[in-house]
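What follows is a set of structures for review.
Shared chain: chain A. Partners: chain B in the first complex, chain C in the second.
For the complex of A and B:
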């Protein structure tokens, strides 16, 4: 476990040494403040559009941080040949995979805390209410989703040629699932066979990332989701993270690192 | 060498100053040339109308606090609820049933996923209607010819937020963009009658609206029958309220010619006729 934590620690240090997060955070803050400064019919109590824009930027930024950071982890180690001294420590390939995942996940978790603190300050200063419960749930569910995404990107980085292609394909896959995942059954029902069967199979076999999107509850001030459902969704995320990490480990174990 | 550099600097500074005085005039002309547009118009061209429509839909989404069908959900085609609400339509049970676009869960994925979706049909109320205003403002900027944006915005500003002056300013902005629009004149008349209690002003604006309607081509009149009926009926009620019974009856009769249900209007005419004192022989 110590070795996994050591590998994860290196990944976290890498995140705060790189500029990606800072740039995205400053951009999010600037755009949110600019949106908040707009005046509509001289009404300073209008707040939901600011929350909406801020949460959208947080989602985009956190996905960019998670996918871009994860996609380059193993390819960069191979390219710079630092993977060999790492594996000679000795650290097993499974521990490398687990450490890289944990590092990326914790790093995006830290980034999410900063983002949501900023969001809570902006929303609270205008609305004068602090619905901590739903904020916590939204941040937690987003972190769980990022866990699945990071594990998925890590798997892609083993099989795909370059970090850029891994990132692009991951963005398309995550965006596609978020937008269409919940509607695949509806689409399937309107199709003839065999397309109906294929889409239905796809509907049941993809990770349903759209469940983890609680931004609407935050924007429209709805009550928190029952915690039992959050726990179940967390278990679902844990299962998918496990599946992706196992597949990553299986692929990485047989991978020839010299080519 | 030093003197030459100083001279060159002075020459460049002079040139910059002279050019600035010349270009300033031209720049003022450029900004005036784009009088109807703005930054968004300049950015999106005619495509801004699509975006404007999207922002108008966003106002409806906010009005429902996120409970809104996607293109994949089955929903009966109809008027957006913010438009219906601005015409004073209240939802009944049948409407509520039609709005349940989720239906029964199709499978366990759908059933479990609904815990993380907004599944309650609610409308903004108690002053929270203000949240739709940014989208209406942006929709008006992007598509200044979409009449509903102004009528809906003015209705919510006036009726729910009690900001009559801003509602009037928004309607007048709409009228500047769409001169002579019957819908905008009707809404402006409603504002004068219901919110400002300025009956004369309301009557004049509605008269103007009726004249604009009568000046339309026959096929355009056909499309605007409903708004004419609304103006005529409202004028009739106004005349009735101010004791001008003959005019009230005339307006109800005018409304009968285009109304779907003229019998109901006949009942109103009969009621007013009872108020008219019998002429002395």
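For the complex of A and C:
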């Protein structure tokens, strides 16, 4: 486990020594503050829009941090050849994959904490209420979703040489699942065969990232979700993370690194 | 003496696709044995199979046939690399880390306890004369300094076997002397050093035994004196073995 943590530590150091996260955080803060400073049509519920905008920015920013950071991990190790001194140590390729995943996941977790703290301060200063439970649930579910995304991107980065192509395909896949994933079953019902069968198969074979979306609960101050459902969703995320990491390890262990 | 590095009928083929016939046979039936406590020079012209052999020994490339072991453990097992240090030809390190951080990272990989790691890092930074730059990111180092970080990381676990891939390549005369001194010191401590080099004069100075490979085959192995016998020096012997005709000096 120490080896995995050591590899993860390097990933986290890389993230905070690069400027990506700071730029995204400053951008999110500026846009949220600008939106909060305006009062469209003297609407008393303006705080909901501010919360909505801030959460949307948090979702976009955290996905950018997760996907871009993860997509470059293994290709950058191969390109800069840092993978060789690392694998010349008593560390297996499986431990490298696990360390990379853990590092990216923890790094995005740290970024999420910063983003949600900022969000809580902005929302609390306007509404004067502090629904900590639902904030925690929303942040946790988003972190679980990012875990699935990171494992998925890591898998893509084994097969796609350029981090840019891995990032682009990942953004399209994640965006597609978030927007359409939940509707696939209904769309399938309206289609003739064989399209109906294909879409139904697709519905059951993709990770349903939209199930982790709790932003509406936060925006409208709904009551917290029952913890049993959160635990179930966490288990669901763990299964998908496990599947993606196993596939990544299976691909990486056979990869010829010298070509 | 015990063999701590061994290859038996080692064969490596490179293919573009699994089912296609091999595009290049990099090693064909290489039998090599390096004994404990010796400095072993691994020589050959470019493309002879030196780097491929090292890649197999370090677990980067799986053998197509035959076997390779370190300390009697199959090189495909990560634990085979617990007692080795490796210095690549060029500096491949995380440029955003400092020398101290990179040494601590590798110390953790080797499972070295924190107090022991602190002591070892301080000793190594002193050995490679990088104490003054220990807290600066590696990206701000000169090439020579980066190569010295490489040497320090190769020694972090106090290895019993050191694998050096052209350790003096790209170094200035002072850097070369330093590397030679370190190899000599390791030899005096009873460590085993396996290194590839094109610097035949250097090999003559420090090696107990040498092996010459050419076109993936072992052409000669023995002490420098054995191989040089009948020739004016190791360089002449090397050129003869790899089939290069030399014109006599006037």
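As a convention for this text, the second predicted complex is superposed on the first by the 254 of 259 C-alpha atoms of A that agree within 3 Å, B and C clash if a C-alpha of one lies under 4 Å from a C-alpha of the other, contacts with A are read in each partner's own complex, and residues count from 1 in each chain.
Please note the rule applied: a residue touches a chain if its C-beta (ideal position, glycine included) is under 8 Å from a C-beta of that chain, and two chains touch if they have at least 3 such contacts.
Note that this is a predicted model, so its numbers are computed, not measured.
A.B. asks: For A:81, is the partner it touches chain B (first), chain C (second), both, or none of the two (neither)?
C.D. replies: The second partner, chain C, only.
A.B. asks: After lining up the shared chain so the two structures overlap, which partner does A:46 touch, if you call chain B first and chain C second: first, second, both or neither?
C.D. replies: The answer is first: A:46 touches chain B but not chain C.
A.B. asks: Go through the superposed model and pick first if A:9 touches only chain B, second if only chain C, both, or neither.
C.D. replies: second
A.B. asks: What is the contact status of A:257 with respect to chain B (first) and chain C (second): first, second, both, or neither?
C.D. replies: second
A.B. asks: Does chain B (first) or chain C (second) touch A:204, or do both, or does neither?
C.D. replies: After superposition on chain A, A:204 lies in contact with chain B alone.
A.B. asks: In the superposed arrangement, which partner chain does A:185 touch: chain B (first), chain C (second), both, or neither?
C.D. replies: Touch partner of A:185: chain B, not chain C.
A.B. asks: Per the contact definition, I'd like the list of chain B residues that touch chain A in the complex.
C.D. replies: So the residues of chain B touching chain A come out as 62, 65-66, 70, 72-73, 106-107, 109-110, 112-113, 115-118, 120, 127, 130-131, 133-135, 137, 157, 161, 163, 166, 170.
A.B. asks: Once bound in the complex, which stretches of chain A touch chain C?
C.D. replies: 2-3, 5-6, 9-10, 13-14, 17-18, 80-92, 95, 256-259
A.B. asks: Quick one: in the complex, what on chain A touches chain B?
C.D. replies: Residues 38, 40-43, 45-49, 141, 182-183, 185-187, 203-204, 208, 210-214, 216-217, 219-220, 222, 225-226, 229, 232-233 of chain A touch chain B in their complex.
A.B. asks: Under the touch definition given earlier, write down the residues of chain C that touch chain A in their complex.
C.D. replies: Within the complex, chain C touches chain A at residues 14, 55, 58-61, 78-82, 84, 86, 88, 90, 92-97, 101, 105-106, 108-111, 150, 153, 163.
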